[in-house]
Every structure is written in C-alpha cells, then in structure tokens.
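Heads up, the next two complexes both have chain A, just with different partners, chain B and then chain C.
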Partner chain A sequence: MQTKKSIILKKITVIRFLYLFVFIAILPVLTQAQDILGGQVRGNFQVDVQTYEPNSQIGITKEDINGEKVGMNGFGNFIYTNKNFTAGLRFESYLKPLVGFDPAYEGTGIPYWFASYKKDKFEITVGNFYDQFGNGLIFRAYEEWTLGYDNSVNGIRVKFNPFKGVALKGIYGVQRYYWVKYKDSDRGIVKGADAEFFLNDIFKAWKNNKTKIILGGGFMSKYQKDDPFFKYKLPENVTAFSGRFNISRGRVNFLGEYAYKINDPSAINNIIYKEGQALFISGSYSKKGLGITLGAKWIDNMSFKSDRFETGNALDLSFLPPLTKTHSYSLEAMYPYGTQPNGEMAVNAQVVYTIPKKSKIGGRYGTTLEFNFTRVNAIDKKALNDTTPIGAEGTKGYTSAFLKFGDLKYFEDWNIEITKKISKKWKMILAYTYLNYNFDVIEEEIESDHNIYKVHVGVADVTYKFDSKNALRLELQYMETRQDSGNWAAALIEYTIAPKWFFSVRDEFNFNNPQSNNTYHYYSAAFGYTSGPNRIQLSYGLQREGILCVGGICRKVPAASGLTLTIFSSF
Partner chain B sequence: MKKLTLILLAVLFVTGAYAQDKKKSYGKIPSVDVKTPGGETFNTANISNDGNPIILSFWATWCKPCIKEMTSIADVYDDWVDETGVKLIAVSIDDARATAKVMPLVNGKGWDYEVLLDANGDFKRAMNVNLIPHTFVVDGDGEIVWQHTSFSEGAEMELIEVVKKVKAGEDISEQE
Partner chain C sequence: MNKIIKILLFFALIIVLLQACDKIEEPYEREINGGGGNRKVLLEDYTGHTCVNCPGAAGTAHELKDEYKDQLVIIAVHAGYFAQPTNEPYTADFRTEVGEELNDFFGIVSNPAGMINRIGEGQERILVETEWQSAVGQEVARPADAGITISNTYNEQTRVLNTSLDIKFINALPGTYRACAYIIEDSIVAPQKNNDPALGPSPDWLDFVHDNMLRGSLNDTWGDLVTDEDITAGSVYTVQCDGFTLNAEWKDRHCAIVAFVYNEDTFEIIQAEEEKVK
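Moving on to the complex of A and B:
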C-alpha cells in the first residue's frame, strides 16, 4: 500500500514539473498574439509554486501539507476573437492547492469556457460568465485568482439594448462550486434580469442637461429543492429585488441601491424565516486638489447563496461590499474587516486634499493628505417576544429598525496618510492608523464586546532615487496593541532597477506577545525580473498570510515557509 | 522520423520568419462594457484619441505601486501631452467597495487622467491582466502595441520613450 502511494505521489510530482516545464517552454512562443483563421488568440497565464516546511508560527501544520512538500496553483487563459465572435477557456491546475486555498480546489481541468456573439443590439453568451447587477447587492459573479475565489455562472446570458439609453440583461445558470458538477450537488439554479436607464439619452429634452440621471433595477432568483429529511419546510424559490440610482452634476455625484430578499432560511442566518434588506448610499464632491466621499451602508440578513447550506466562501449571489478602507501596508492590513451578512450598520468618510505646489506648506512638489474614517456597528435587533431569543432557529428571527445603529461596535478605523515628494531624489509616505477590531464578532461570530482589539500602526515609506533607473526604498512599520499577539514591527529594503529588476529583504517580527516571551521573526528575501508583460519572481523565507506589495506589484499572498516561485505572462 | 523532423523544422522556420515579419501587436482593444465615473455605460471598443497614442493603465485605490506610477507620471504629464498628444486612461479595478471613492481620489491627487471603472474586472480579464499595475500603449490606429506589468521608480521614462516611438511610427520591438 505504502509503495503504491509513494509511486502515485512521485508520478504527481513528475507531472507537476512537466506542466511547469511546458509553461516555461511555450512562454516565448506565446508572448505574441497568434492569428488563427482571421481571428486572434490572446491570453495569459500564471504559475505559483511553493515548497513547504511545517511551521507552527505562521500556521502551516503537518496536516496542512499532509506529507506534500510542494504546492502549485496554475492557470492558462485563452481568448479567441474574430469580429463579433469571442470564445475562451481557462485551464486551471492545483497540485496541490497552496496552503490557504480551499483543499476542494485540488485537481486539474477547465472550469471556465465560453462563447459569445455580439451583433447590433444583442449579445449572447453561453458557457461561463461573470457579471454584476448594479453594485452587486443581489448579484455579482466574479473571480479573484489570488484569493482562490470564483463564483462564475455556467449557463446563458443575453444582453439587449433596444434603444439608446436602455440596457437589459438576463441570466440563467448554475454557479461554479470548485470542481463539483451540478448534477452531483444540491446547489440551486439561478436566474435573474436587470434593466438600466440613462435618462439623458432617453429623453431628448434632457440631452444637454448638466444633471445626469441613471436608474436601474432587477431581480435575482434561485430555485433549490426542499430537503425532505430536514426538520423544517424550506422555501424552494427565493427571490431578491433591487433598485438603484446614480445622479451626477459637475463636481457632485450621488448614488444608492436598495435590495430586498424574501425569507431565505440558511446555515448562515441560523435557519430564520425573515426577509433580508440592504441599503448602500454614497455621495461625493470633488474638484482638482480636493475629493470628499461620504458613504453609509445598512445590511440586515442579506446573505444570499445558491445553496442554503453552504457556509464557506463559495456560491455567493449577493456581494455586500465592506465600506472599510483596503489597507496596503502589511501591518495595517493585519486586522481586515469583512461585511457581516447577518447585519451591520456602517458609515465611512474619506477626504483627499493636495496642498498646492510651490506653497509654503505644500513645498516645491505639493503634499497630499488623505483622511479616512469608518465605523461599523451591529444593527438594532429586537426579540419577537419575551420567550423567543433573537435569531432563534425556525422562527422569524427578530425585528429590526431600518437604518438604525445597534449598540455593539464591530469595527472602527481612523487613518491618515501624507504623501510628499521632497526633492527630485526623495519621496516619502507617512501613515498612522488606529483600529478597533471586534474579534468575537468578526472571527468567532459571537455578539460580544469582550475582545475588542485596540491597535495603533505607524508607517514610513521612503524612496531614494540614485538616478533615472536605480532606486532604494525603505519601508518601516510599527504596530502596538495589548491584545491578541501584541506588538509587531516590520522593515523592508527594496532595490529596483527600472523597469526590469527588483531585489528585496524584509523582516516582520512579533514582540511583547502576551502569550509568549519569545520574539518571532519572519525573514524573507525576494527578487524578480520583468520583461514587458512577463514576470518571474522568486522569494524565500517566512510569509504571513496577507497583502504584500513588493517589487512594484501588490497581491494577496497565502502563508508560506520555504521557496515561492511566481511566473506570469500576458500575450 | 527524418521527414518529421524536417517538416517540424520547416514549420518552425516559417512561423519564426512570419512572427518577425509582422508588426508587433496585441490586437485591437476588446469590446467590453465598463462605467464612466458618472455611472454611464461605456464600451471600451470606443476608446480613441484622434489618431494619437493612448496609455491604458490598470490600477486600484489600494495598490500603492499603481498610485506611485500615476503620481510620477502626473509630474510630467503636461509635457507628455504637449510632445505626443498622448492620453492616459486610468482603468480602476476597484469593486463596489471603493468605486465611489475613485474619482474623489483622482481629483484629490490632482491627476488629469480620464477614468474608467471596471468594477467587476471584465475589462481586466478581456485584456489578460494578471496583477496590477499593468500598463498598455495603444497606437493611433487603435492597436495595442506594448504592455508592461509592475512599476519601479523611473519606469515612466521607458513608457514615454515607447509613446514617442509609437507616435513617430518607429519600431518598438526592442522596447520591453
């Protein structure tokens, strides 16, 4: 038995390296678009290979790697275009998936293919497609390769623009669920339609009006069979509706979307028979040198998946965008916030202001100040009666007051950033962030205020240019908190030779950890070579899971202990 | 076996010669619906600049190298426009989380670029962009003739060299 297994493992390793070899070998051939039958083939691919050593410090256990010392994620994407006709496919291979990616991805195949034809007012797509209605509150299908997320719809999509200013679309299909075929699963069938009207194009009198108005709306519906063995009767058809507007006039823009979903008992909402609602509004004012954005969002029981019992990061129909800032520096991004689909009330404000060039404070090149604030609270939920607790299974759950803040704080983020070019040779960015992170709510799904982390982060990012090609960048970060794993600091030195080479070394370390007297270091070194759209990058060391911006590229990275090789190209 | 080798060699030779003979091009800009900052639908096949070159730059509000690239270009953008008539279109791939913040950021930074919103990444996929920043140069005939991924300090000099050559109709096959 043992030998048989090891032979299979060996074979898999050989196959893996063969794939890699083929990818590298075809690279020069593919770097030019190819003409075929009067049409053109373009595409891209990426391969990430990591070697692992078990390391408890970054959460890579022996079980995670399961005797495997190598993980590989790869894809190749090909799009053929010939006048009005487009077809494409994406080959994906996870042997095995990198740590941090869902093990259900293990395998190789073509999970994405499509053919599309566009003529005059019509466009029809068969196969897999990505799309969203409005802001995505009731439907968004998308993929995020670096996060291992893909909820494409496999089916048919029709777009129709009967006349100028009117856009209609309809979709019908089933969503991707890793490699699981539709007939082997319980997931539902989804269908939806959306209409959008640009009033200035529709009404002639409005054509030259400075105020531009766009209205839209649609529905999304899923059909999933009831489960006869389940203790409650479940609705088989669940439909969500939404309406939206976008009004702009010169410097001012105002947009909003409201969504409503009929009762949809699910594993996420603890099988409650309550309707869902969401409201998303944003207003902005901007002119050269100043930009102000204010936003608010209210979510109540709005998880919407094409399988009611799915709890993971898959089969989402609704996209509930968090209002929080996406941080770019690793320690600022250590406590990220994700929307709580069962309910949250959030407000956000952002101001960007540039102190003009050649002014006293602005200096010779001007100085940009960015301020960002976000606050997220629970929504105001009230029990149905004295005997039923809030959210009790099999009930209508609770009642909620529209657009009202609850008492419990989920998250808060204060952030200020100063960007300044000091001289032709020196540039710098200084940032300070103060976060409140409700660990119980965000990670444990417990409504409590016992574990709210209070976190301060300071960042200095300084660049020195030796000449027009050579530059050195130093990034220093410091984080202080008395909760969780305590304080952190990070230093990065990066040398770039534009536009091709980069070399970097970094160390992130954890100290004053309340649970340990040790200081933990996460050393890593990397270099990369870029030629046009082709890039090869190699790094070695310990990497925490999170966002990483080195070598002039930003990406979300999984935890790593060992060697990481990334190759990608577009052609 | 010998015959097969010969045929293979011949095929390689022909394709090689063919590839060299051809003007380097990644084709026309694909036709994809994106949004303008005002929320109107805009088809990317309609991107044009009166026969002058275009820089298409894929970026996001959370991508520091992207913002550094656009800030570096902003310092010299007026000169670039005067010299070559070039237009930079900044394609934001921010999703609904930040689409409303894109224009206030662009204005707040004082950038004079045209902005398109690709909130669901449809244009990004059609252009085969892996990671951002990813920059394309489109010639006066609407052909994509050059592309580059990542940004390092000084890389904008390479970009303007390409744009100047494209404007003058010169060969850019040596430019990477």
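Moving on to the complex of A and C:
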C-alpha cells in the first residue's frame, strides 16, 4: 500500500517533469539572441536532472534515497549589453540539489546580478562579480557549476587604466555563501587592490624590445569582527600581499608570484598564528612540435577565507593553482589530488613532442608524445619547542624552511600518452599512468604514510571513422592496485554521427577488491543530441562513488543509480 | 617616468587607506567573562567513527563541559556517512533512527558539526568545532526562560524506565513548545578514526571512549507538545514518558536522560537538563 507521503512525492515528481518538458518545448524560442531597447541580450541555460533508485548490488538502499527520487540543479544566465553598459543576472534552482552537492544550495532564486558601466579609462561594476589578482594566490572569485562552487563577491569593483600599460583595480564587498544573505559580520568584508604594469607599453624605449615584461602586485584584506567569547584573541583585519612577474622572449616564458599573509587563525589551520606564504613559478618553452613546461609551487599555511571558521568549499579568497595533470580517462581520474592549503611543495614537468609527419617513427600523419610528471610532498615543518606539537592550537604553529621539501609524500603522477593517427580511418591513443596517492593526507587529513595507494592505469582509445560523419570509438582501461577497492577495468563503445548525435554504452568493472569478495559492474548507456547551441544528453545506469576535482577543489560524488538528463543551451 | 611615480604613489595611498593588519602578540589566549546566566545549554555533536576530526571535537565538548559543568548538556549524535558501519575495525553501528532523522532534517553533511541550542535559521544552526566555544559561552550567559526537572523510575530487572519531565516556565513566552527526552550512554569503548596524534593513536584509535552517545528517544525525534495554551510566567506542565525498555547491550549505569524544551517553529532550545537513569 502506498503511503500518503509517497503519493505526494510521486505527484511532485510528475510536476517536476512537466515543468521540464514545458522548458524543453520553449527552448527554441528562448534561445534566439534578442535585441531589446537597442542592446543585445545573450546568455545560457543548463538543467541537470537525476533520478535515484535503490540498487542492492552497489549498496544503495531505500533508506539512502529517503524518498528523494529526483534531484535538479539548473541555472539561466542573462547578460544585457548596450554600448558601454552591461547588466546581467543568473537564476539558479536546486530542487533538491543533486546528490553530492551541498544541501545548503536547496532553494531557488537569483544569487548573482550586476550592472557595469565602462567609459574612457574607468569601468565600474556594482553587484556580484568574478575576478582575480594575478594567478589568484591572494584573490580569485569564480564559479564552477560541476563542483557547486561559487565565491562571487557582492559589492563594488572599479577598474582604472590611467595610461597605456597600467591597469589598476579595486574591489570591496562580501562573498556569496550559498543563499545566506550577509548580516551582522557573519563573514568578513573583503577589500583589495591590484596593479599591473606592462613595461613594454610604459617605456617607449622598450616598445619594440623582444623581451616582454609584466609586473604586478596587490593586496587583499578582510575584516571580521572579534568574538569576545572565543578563547583566543582574534585579528579583525587580516591582509595578504602578493607580487608577480611574467617575462617572455620568443619561445620562452617565465612567470612567478609570491604571496604573504599575516596571522590568520582559522578553523582550517587549527587556530595557529603563523604567517602564511606561497610561491608559484612556472617556465615554458615552445616551438613547432615541442612544448616543455616546468612548474613549482610551495604553499605554507595559505588558506585564506573570508570567514575564519568556514571549513567547507566556500568563501575562499585565495586560489592555490594546481600543478597536477587533470586526467580525462575515468580510471586515471579515480584518484585526483586536492590542494592542501596548510602546506605542500609540488613540482611538475610536462613535455609534448610531435614526431614529424612522414618520418620513420612518426608515420604518415605524425605521432604526438606527451609526458607528464608531478610530485607533491609535505613542506618541512619543525616544532616550535620540545613540548608543543606541530600545529598546536593557540600557538605560532611551527617553523618552516622556505621552499624545502618535507619527507612525507602526498602525491606522485607519472603519465605518458601517445596519440597517433594511423590512417585516414584509424586513430589511436595509448596511455600509461602510475600514481602514488596518499589517502590519509588527501582524504582524511592525517599526516601519515600508512595508506599510500600505488596505482597503475593503462588506456587504449581507438577511433575508426567510417566517413566524414560516422565514427566508432572503443575505449579500454585497466587499473591495478592492491589498495582501496582493488582492480578495475572499463570499456566504452561510442558511436558518433557528427555533428549531432552520439550513443554510448559503458561498463566499469571492479574485481580483486580487498574489502569485498564480490565483483561489481557499473553499467551505463547514454546518448546526446546537439543542435547548434543546444545540447541534450540522457544517460541511464550506475555511477560509482568518486571524487570530482576542478582546479584543486574537490567534491565527493556518491554512488548512484538512475537516469541523468542534461540540457544545455546558449544564445 | 614621472607619471609612473605618480601612479605608484596613488596606488601606495590606496593600500595605506584600505588595508589594515592586526598583528596579535602572545599570549594568544584570553580570559572570557561569560556567566551570569542560568540557562542550561544543549550541545549536539554530530559525529561518526570514521570521521578523523571528530576526536578533536569530542575533546572540545569535554573541555566545555569542564568549564560550564551542569550548565552544559552534551549529546553525541552518530549519524550520516561517517557513522556508517564499514570495514574492520569500524563495523559497529551506532546510528539511531532519531539521530538519522535529525541529521537529515538539519542538513548535516560534514562531521564534526555541532548545534548549540539549535540557534539560527537553516545552515546558520550548524557550527564547526571552532565555533562551539563562543556559541556556548553566549548561551550560558543568558537567563533561563524555563526549568526542567527529570524524574526517572527505573526497574533494573525488567530494564523498563518511566520518566517524567516537570517543566516550569519562568517567563511568559510566545509560541508553542515541545519537550524531548533522549537517552544517552557514556563510556563506550570502540574504534574511532583520528588524525591528531597529539590526542591519541592515529589513524586508528582502537580503544577510544565514546561519551554522551545518543541511543534513542523516549518520545520520538520531535518529542511531545508541552501545552497548547499560551505560556504564562510561573506555569508548570508535566510531560510523561513511560514504558521505555533499555536495550540489553546498554550499560544502564552509564545511561542518562537528556531532556530539552524547544520552540516548535524556530526549533530553538530554551532549556536542557540531564539526569542519570539510575
């Protein structure tokens, strides 16, 4: 017998789908750029709908679903431009948020709106805005839909270009925190300024110099009132500074940024009063057929949020750029690295080389080799004295040696990828990846080497083109590890009718699992339709638990079983 | 060159005007002048045995208890992802129906998370461990609006417990109030993940002592209505919870009843109390 609650839920589900179909029906009307009052309106939409059903094989019970059989995340961006004036808003709806997204997003409304005016040397924006200073070490406000991440600033931004080659900007506001409106200093008020100097534009004598130099610097400050009930004294004003350079000459580019932050006791750093520092350097060389990039990053106590007690993926001021490769094949991407703001030392090398066409090894169409290496370790932290443990609450925390590797390995990634077009019809990608993934550090915040997963992944991706439109792609992956959930194999077959249709089936298969005698299959099937700026994708099947990372920020995606529908459109 | 100097000076001026740094010198600790109130405060610690930061939060709860003694009542709610039974040695299931319902209702996704008297709206109620001390300090400094007396009648042979809650309202209050009687158990030794070697064995703390563990409710998750009348100063009501049988695996001498009265609309708890079962 159905309960009253389940009948109501079913009705709600039906109503949600009706809304969706109405939306799909009016999509073509909505998605034509409109001229309004002499200006242009453009924008984009996305709706992600997922249904959830129990699946005993992968351990999803009725209780896990808890009556919430459908989730929906959706947004619509509208930007109006009329000469020097721009205004826009984004509508968002999470009813309820898809599994894995923060439930604090539940709701519907307009969290983002702005108006901006640009005249001569000035540009003024009021409302919400995204921006960054340099590489983002002391400030980056951005939005990442797939992660459910948005730290836009709501306030005022002024950009000023007094002379050619000089760009100044200042910001003042508060950051977005889900749907919670700012009140009573519940998060910090942020203000900052940044200057960038293009020396070749400023000095006439350098105008035609082959060496191009850009210098920049700025500060970011947050004010959050003290809490007299908190057992430690808290700084109300915390400021971070940064300086940066970018030098390029011909094929060589070299850039770097250093940031310094004064005492900022927070929930992330366990209320320590140490200053924070970060250094990011990167050099690259490129010519036809060859690209080399070397990078290094040293982070020491550099979490910088506009609320000192925020621990989640929200209210970040600093962005600590990841050096690790973002893998595109699913098993290679199973163990992604998440930036450790309390301290990490990372180095990265990447070489892309194309063996020329019609050479002996390169073959008729050439062969591209890509090699990538990343290593991330702890930084070298020393206790303040014999009695205070490293990072003890209410102390200076520890001392650290500048740019020095600590002993503990956090992450290592060796990756080689060969892309070869064999003939007009055949194309092949082969890849091998070897990872060391310190589970304790990355997922548990435990400074230990007890659980370092050693993972080998091999990938073969073969495409056969029947003609200029029809292609069949076979993707085979194999992963071996003795830790965590053991070995995996994956196969995907995808048929594409360019440029509109694709159909695919996939299976990810887990075996030799040290935690279970069972083997697990995660089947799914998908198809997608693209028509100009509109895209609809539908998939059905099982999704394994995983971690999704973008830009070093990660979210856990729980296992799920059901239907996923994505509609995207821009105009 | 002249204009560059001007720009730099202008920029330096902005920096001087806008930025400010508060450098804190040792000692970082300070005296807190709390107290003065007689409100008894409920701290709900949402936790789980695979949550690595939770021993630290349990430690903070203990420190607060040492500081505020009877004015602070603690419940450790084992619920959600980190409380699920999993691989050895984390096979125990300390979840309860009440705990899971609270966890879902208040939208708690990360642990440790706490609520102090369930103050605030929506996600504002949920506080990270570093926020607990200040929130408790502010609440204990307030005068109480009600007093609760818990009377337990417990039969050791049948393990049946009858509990009555006598609730006396000190002030006239708008709104409707409900009273809950939860049962908690102390001193349960079971494995707990831990990432702080300064507190105990890490990563697996096999003989961790779990205190204040929520075991269930005598009158469901949301309790009983205290009265449907307007609440006047000095009015007294009794909420009776009879016939609750303690699970055979619980040590009755380690069990206590935690009672609290809360506003039905805001969920704000106005008074809490704790009394041993025997």
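In the analysis below, the second predicted complex is superposed on the first by the 518 of 571 C-alpha atoms of A that agree within 3 Å, B and C clash if a C-alpha of one lies under 4 Å from a C-alpha of the other, contacts with A are read in each partner's own complex, and residues count from 1 in each chain.
FYI, a contact is a pair of C-beta atoms (placed from the backbone, for glycine too) under 8 Å apart; a residue touches a chain by one contact, two chains touch by 3 or more.
Only a predicted model underlies this, so the values are computations on that prediction, with no experimental measurement involved.
Applying the stated clash criterion after superposition on chain A shows that chain B and chain C can sit side by side. Looking at the shared chain after the overlay, A:299 reaches neither chain B nor chain C.
In the superposed model, A:140 lies in contact with chain B only, and not with chain C. Contacts of A:267 after superposition: chain C is touched, whereas chain B is not reached. When the two structures are aligned on the shared chain, A:334 is found in touch with neither chain B nor chain C. In the superposed three-chain model, the partner touching more residues of chain A is B, compared with the other of chain B and chain C.
When the shared chain is aligned, no partner comes close enough to touch A:459: not chain B, not chain C. Of the two partner chains, chain B is the only one that A:246 touches; chain C does not reach it. This overlay, made by fitting chain A, leaves chain B and chain C with a least C-alpha separation of 18 Å.
Taken in their complex, chain A has these residues touching chain B: 32-33, 40, 42-44, 46, 77, 79, 81, 86, 118, 130-132, 135-136, 140, 142-143, 145-146, 167, 196, 198, 212, 214, 246, 248, 253, 255, 280, 282, 284-293, 295, 319, 321-323, 325-329, 350-354, 365-366, 368, 370, 419, 421, 427, 429, 461, 463, 465, 467-471, 473, 496-500, 502, 528, 530-535, 547, 549, 551-555, 568-571.
Against chain A, the residues of chain B that register as touching in their complex are 19, 22, 24-27, 30-31, 37-41, 61-66, 68, 71, 75, 95-101, 103-110, 119-122, 125-134, 146-155, 157-158, 176. Those residues of chain C that touch chain A in the complex are listed here as 3-4, 7, 11, 14-15, 18-24, 26, 28-30, 32-34, 52-53, 87, 100, 104, 107, 109-110, 122-124, 127-131, 133-135, 137-138, 193-195, 197-198, 202-203. Contact residues of chain A toward chain C in the complex are 63, 66, 102-104, 106, 162-163, 166, 168, 170, 178, 180, 186, 191-193, 195, 197, 202, 219, 221, 223, 227-239, 262-263, 265-267, 271, 273, 308-312, 389, 392, 394-396, 440, 444-448, 450-451, 515.
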